[in-house]
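Letters A, B, C and D name the chains as they come in the text, with residue numbers starting at 1 for each one.
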Amino acid sequence: MDELIGYFLYFLSLLSVGGIYALLALGLNVNWGFAGLFNAGIAGFAAVGAYTFAILTTAESTFHYGGLGLPIIIGEISAFLIAGIIAAVIGIISIRLRADYLAIATIGIAEIIKLIFKNQVDITNGPRGINKIPRTWEHFSESRYFSQPILSWIGDNQFWQAFFDSLVNWWWQPLFAATILFFVFVVYMMLERARVSPWGRMMTAIRENEDAARAAGKDVTRRRVEAFIIGTMIMGLAGALLAQHLRFIEPTHTFDPSKMTFLVWVMLIAGGSGNNRGAILGAFLIWFVWSASELFLNGFIDIVANIFNGIDVSMLKNRSGYLRMLLIGLVLQFVLQKYPKGILPERRPAAPGE
Amino acid sequence: MWENFGFEFVNYYFIPGLVLGCIYALGAIGITLTFGILRFANFAHGEIMMTGAFLTWTFLEISNIFLGFYMHPLIACTPAIFIAIFLALSVDRYFYKPFRDSPTIIIVMASFGMMLIIRSLVQVIWGPNQITFVKGIAKPNSYLKDFSSSMDMMLLVPSKHLFIILGTIIIMLAFNYMLTSTRIGKAMRAVSDSPDLAKVTGIDVEQVIRATWIVGGFCAVMAGVFMAMDTQFIMSTMGFRMLLPMFAAAILGGIGRPFGAVLGGLVIGFAEELSAYPWFGNGPLLSPGYKSGVAFSILVLMLVFRPSGILKGRVF
Amino acid sequence: MVAVETLRVNNLMKSFGGLEAVKGISFSVQEGSIFGLIGPNGAGKTTTFNIIAGAERPTSGNVLLNGKDVTGLSSEKLYKLGLVRTFQLSHEYPQMTSLENLMVAASDQPGEKIFMNWLAPKTVASREKEVLERALDSLNFLGLSHVKDELAGNLSGGQKKLLELGRTMMTDAKLVLLDEPGAGVNPTLMLKIIEMIRRLNQERGYTFCIIEHDMDLIADLCEKIVVLAEGSILTEGSMTEVRANEKVIDAYFGGDLE
Amino acid sequence: MKKIILTGIASAALAVSASAEVKVGNPMAVTGPIPDLVAPMLLAVDLAEKHVNEQGGLFADGQKYTIVRADSGCDPTAAVDAVTKLVNVEQVSAIIGPVCSGATIAQAQSVTMPAGVVTLSVSASSPAISSLESGTDLVFRTAASDAFQGKALAELAIANGIMDLAISYANDDYNAAIAAVFASNYEILGGTITANEAHEPDKSSYRSEVATLGADTNNLALFAYYGSSGITILRNSLETGAFDLFFGADGMAAQEVIDQIGAENLGNAFFTTSTSDQTTNAFGAWKAAADAANVPAADPFVPNSYDAAFMMALAIEKLGSGDRAGIASALRAIANGPGEVILPGEFAKAKAILAAGGSIHYVGASGPQDFFNNGDVAGFFSKNTVVDGAWKAEIIK
């Protein structure tokens, strides 16, 4: 029974993290799939969202400014908006750069963002990071939340304490996963409507042929900035959810570009860029492969050890983390060569507007 | 502040900047060539550099086992160069060539994947740990001391730095000769300047691409070995750490301009080291915590305000 | 009826480095007419065209659209003022269907503001319906109805050319600039394109300004022709007048006949 | 060949399905920035597992004590994912914790504390962990908080007559934290800090930084991992002559430093480590066992890792089952005494006493592991200097 619950909880956590990556991939899809913007600064923008959320919602702290203790929803909205504002500034100055140039510029910008979080110790607590970040649903069991309205109208502190103690300790987990999936669903619905709308058609046109779009009266530069901002705002929201999931963020490893940025790109390319469903599918698929590959690789190494009795597999075991990275790299090369358009390729609506 | 602006400045800020700049410059040559001729940002370039250094170390160890002494790294790197060039050529053949006619993004993604594959392979084979390349401390030799007989007036340069600086100059001269005086060098310049025109004039583009990987691979390995000689250890992540500064150098100098890359490398190297100079007051100008930000900032500013680079390279 | 000038070009000059590509060109295009701009290679046609279309800025001189100075305005601004252009090499959107290729060219679509799609989907949908009808109508007019759901990238060269023309039909443009509509087109299709242009001119009242290399197309369509050579105007007038002009025969037809 | 493979799979499946075992999760930073520090720690954990299983296993029926390893990569995202798998899929009874403080904090808050699973960290030393568990009694560690080591180092510096110095610390969670504690204690004790700068780890040269920092003093307090920036800074300082005295904490006291820099250049360098009193019986017992198994007994956090894995086995034995809920109090019972003293490796002895209804008091390889209320331990610190080409430790507290 415990085992079944265990698998269920692991599955929920896969869904939660997969959902966060799905949001990142959807944001990237707006950048790349819709508008053809090679944004390689995903980790930086997610970090902006995560830090905005953390600084606004954590309880007062002696380590750093902030700790405003604001409600979670305000933290999420702010993460969304601040990421957008930062993106607007970056977008306006760098949007005219083409493909690889924009990629290099955004990588550089993401690194600068991380350096700022790392060095502005009085705001972000520097490399030591911010902990005790509240998590949706679970946070209600903290007394600073249930001692305040609206919950305090329903019952007093003892009532709530007793109520939360009476629940199984993972009560919040399905709710948290559902919340993330709800965000994914809402963002997906909005983006899907935008994609088949005249806006999506115009963005595709800009991506396909900039000169012709310009001659058809489309304000190409402004539209590009717009797509950059919208995509980045979604990444900011994903960052806020990631901060909730981890409950602790620090600038160095949490937002490591070779893991986060790269993984999201693999997700989008594998799933099918330009296709929102592809982005979501790719995110869940690659995350499942990535997360489960640890279990799988260890089992595989055990089998190898059993077959070749006597050889020392401890080295392989200790380096299995690198084998995983190798695996993801090979998956990417395979997808690029065999399915260059992804598993779910972009499909133009058969009859537009429908 | 200006009264200190003498040999101390040269020894502790200028020469380190120059050495770092030389390493960046050599690495940036390969990046600017691939950018100019194959038209994509090769993210796996740093890994070729790192692999070269690991191979060189392996040959150093082999020489110790079979010959009983450590060769000079600059000798041990010869076989490493051949292997690294072979690696670069096979990566091109199997992972980049299928995408020659695809949109740029696809090949950039492929290089991104290669970066990961090569690094993970090195980590699986050699392990993730730091490996000592050369043991001990390279005490600097002093120059000009006899000339002035004052302790304050001497030039302190460890011999490893002399090797790096002179080595870079020799490679640059050879490279210059190649670009200006050999047939393939001229063809490389032609393709870089205008690929369509080059095709019309009957240049074998695939041959030029091979030459690009050979030259780029050679320079990358040399940059890796020089860096290993300077830091005296090697690590699987050293290539990636150098990648962005090298991109910055290539863009700063102007894409497709090998000498621009050298100039850009020197500028980035100096900027990084001089950012810690106490220009105002006693503290470093910029907190050393922001040191990697120097190259990134130059990179972003350059892209935004003058994407053609100092030497007017091409903008895509 | 008073003839109104849709386009007026005053003393246009453009030099690239030391080279003077256009040396003071002036002409005007009457509303409802079909105007031709011809000349041998290197005569400055394309430069003139690019300046009018907003792709390049003149060194001096100005361009008036309906009496308003539009010199140096970007092509998206010109579009809003009623000037659309086509490209010599078809500029289709390859990953979009033919129908979408046309629909995207429509103006005044509130749905191009992203929030409208979420906040006022009905407004968007009603305009979208009009656009769809017009696009289907245009496809019909061009004889492309059977390929409406085909990706534009898969169309034949001639179909792309027609599509290029079709995009101009999606707007209420006052002036349409056509950049060599006959380039690389077989004679049958050429006739069709000529037919389309004439019908658009007569039935829908579009004003055309055509740059062409091919004399037949111009001869058939244009009421007024300006001949350029080496950056200046050689002569202007009706086709008959132009044909009679010896300078033109020397500079243009002479060369062609040899 | 096919047959061999099938047999292999079958025997692996058998090994998996062997029912009588108690699993403990061991998410370590196998990949990430400090794999070389972690490698000997893994050996120590494996050694503890081996000791327990060789000496009769757990409980009366000799169940297997299984360490399930995972990779936390020193990265909060990876640690949370790895520990989620350990807690839910592997159904481990407890976690013998991640190496890095950030990863430890993230996995504890995100996974183990909500799930009611004990984390016993082996090397996370951030002061932030002391206030983490807030009454849940679910977070323990066998390594002393930097709050103690930073203070001990400041006292040591003053005691050695170092009255002025410059601080350079790598901008990561561990080094930034200990540098801050050191700096405040050192100033309270009357020392003068001429410069205090973070440096970005993993750069190829720090020559200009050390030249600037060294303008007013010859003493450098260096807080860095040797692998990311420590060795380079030492080397650059020695090459440029910017400093001639170096000291710092755990991250630098590794054989690798001597191998790379050369013992002859490290005459004026000392580093403290969170260590064990090497004169005690406990350490003697540990050293003998470690030497026999080829585990570097005195490397940073290696004894702590052994202690964590071994104590967890004792706690489970004491509790009589792998039940998550009872482990915290069982852990306190065997670690804080009173009871018969148990030394590293003496599992059979402990098992016999517990079976007879007695109580035990484990005295660890890294010192007595008496937990405070917040799960911290006091720990010992040693001053390490280079003698005959190796680090020689000398207890300072």
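Just so it is clear, contacts are C-beta pairs under 8 Å (C-beta built on N, C-alpha and C of every residue); 3 or more make two chains touch, one makes a residue touch a chain.
Since we're looking at a predicted model, the values are computed, not measured.
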If we define chain centres by averaging CA atoms, which chain lands farthest from chain C? Would you check?
D
What chain lies closest to the overall centre, CA atoms only?
A
How many angstrom between the C-alpha centroids of chain D and chain B?
38
Would you kindly tell me how far, in whole Å, the mean C-alpha position of chain C lies from that of chain B?
51
Between chain A and chain D, what distance separates the C-alpha centroids? Give it in angstrom.
32
Of all the residues in chain A, which ones touch at least 2 other chains?
115, 118-119, 319, 322
Check each residue of chain B and list the ones that touch at least two other chains.
123, 127-128, 287, 289-290, 292
Multi-chain touching residues of chain C, meaning two or more other chains, are none
Could you run through all the chain pairs that touch each other?
A-B, A-C, A-D, B-D
Once bound in the complex, which stretches of chain A touch chain B?
32, 38, 93-94, 97-101, 103-105, 107-109, 111-112, 115, 118-119, 258, 262, 265-266, 269, 315, 319, 322-323, 325-326, 328-330, 332-333, 336-337, 340
List of chain C residues in touch with chain A within their complex
53, 74-76, 79-80, 84-87, 91-97, 99-100, 103-105, 107, 109-114, 116-118, 121, 124-125, 128-129, 131-132, 149, 151, 167, 171
Residue positions on chain B within touch of chain D in the complex are 8, 11-13, 16-17, 19-20, 23, 123, 127-130, 132, 135-140, 156, 158, 227, 230-233, 235, 237-238, 241-242, 272-278, 282-284, 287-292
So in the complex, which bits of chain A are touching chain C?
190, 193-194, 197-199, 201-202, 204-205, 208-209, 211-220, 226, 230, 346, 348-353
Mind pulling up the chain D residues that touch chain B in the complex?
31, 35-36, 39, 168, 171, 195, 197-200, 202-209, 211-213, 215-216, 227, 231-232, 235, 238-240, 242, 256, 259-262, 265
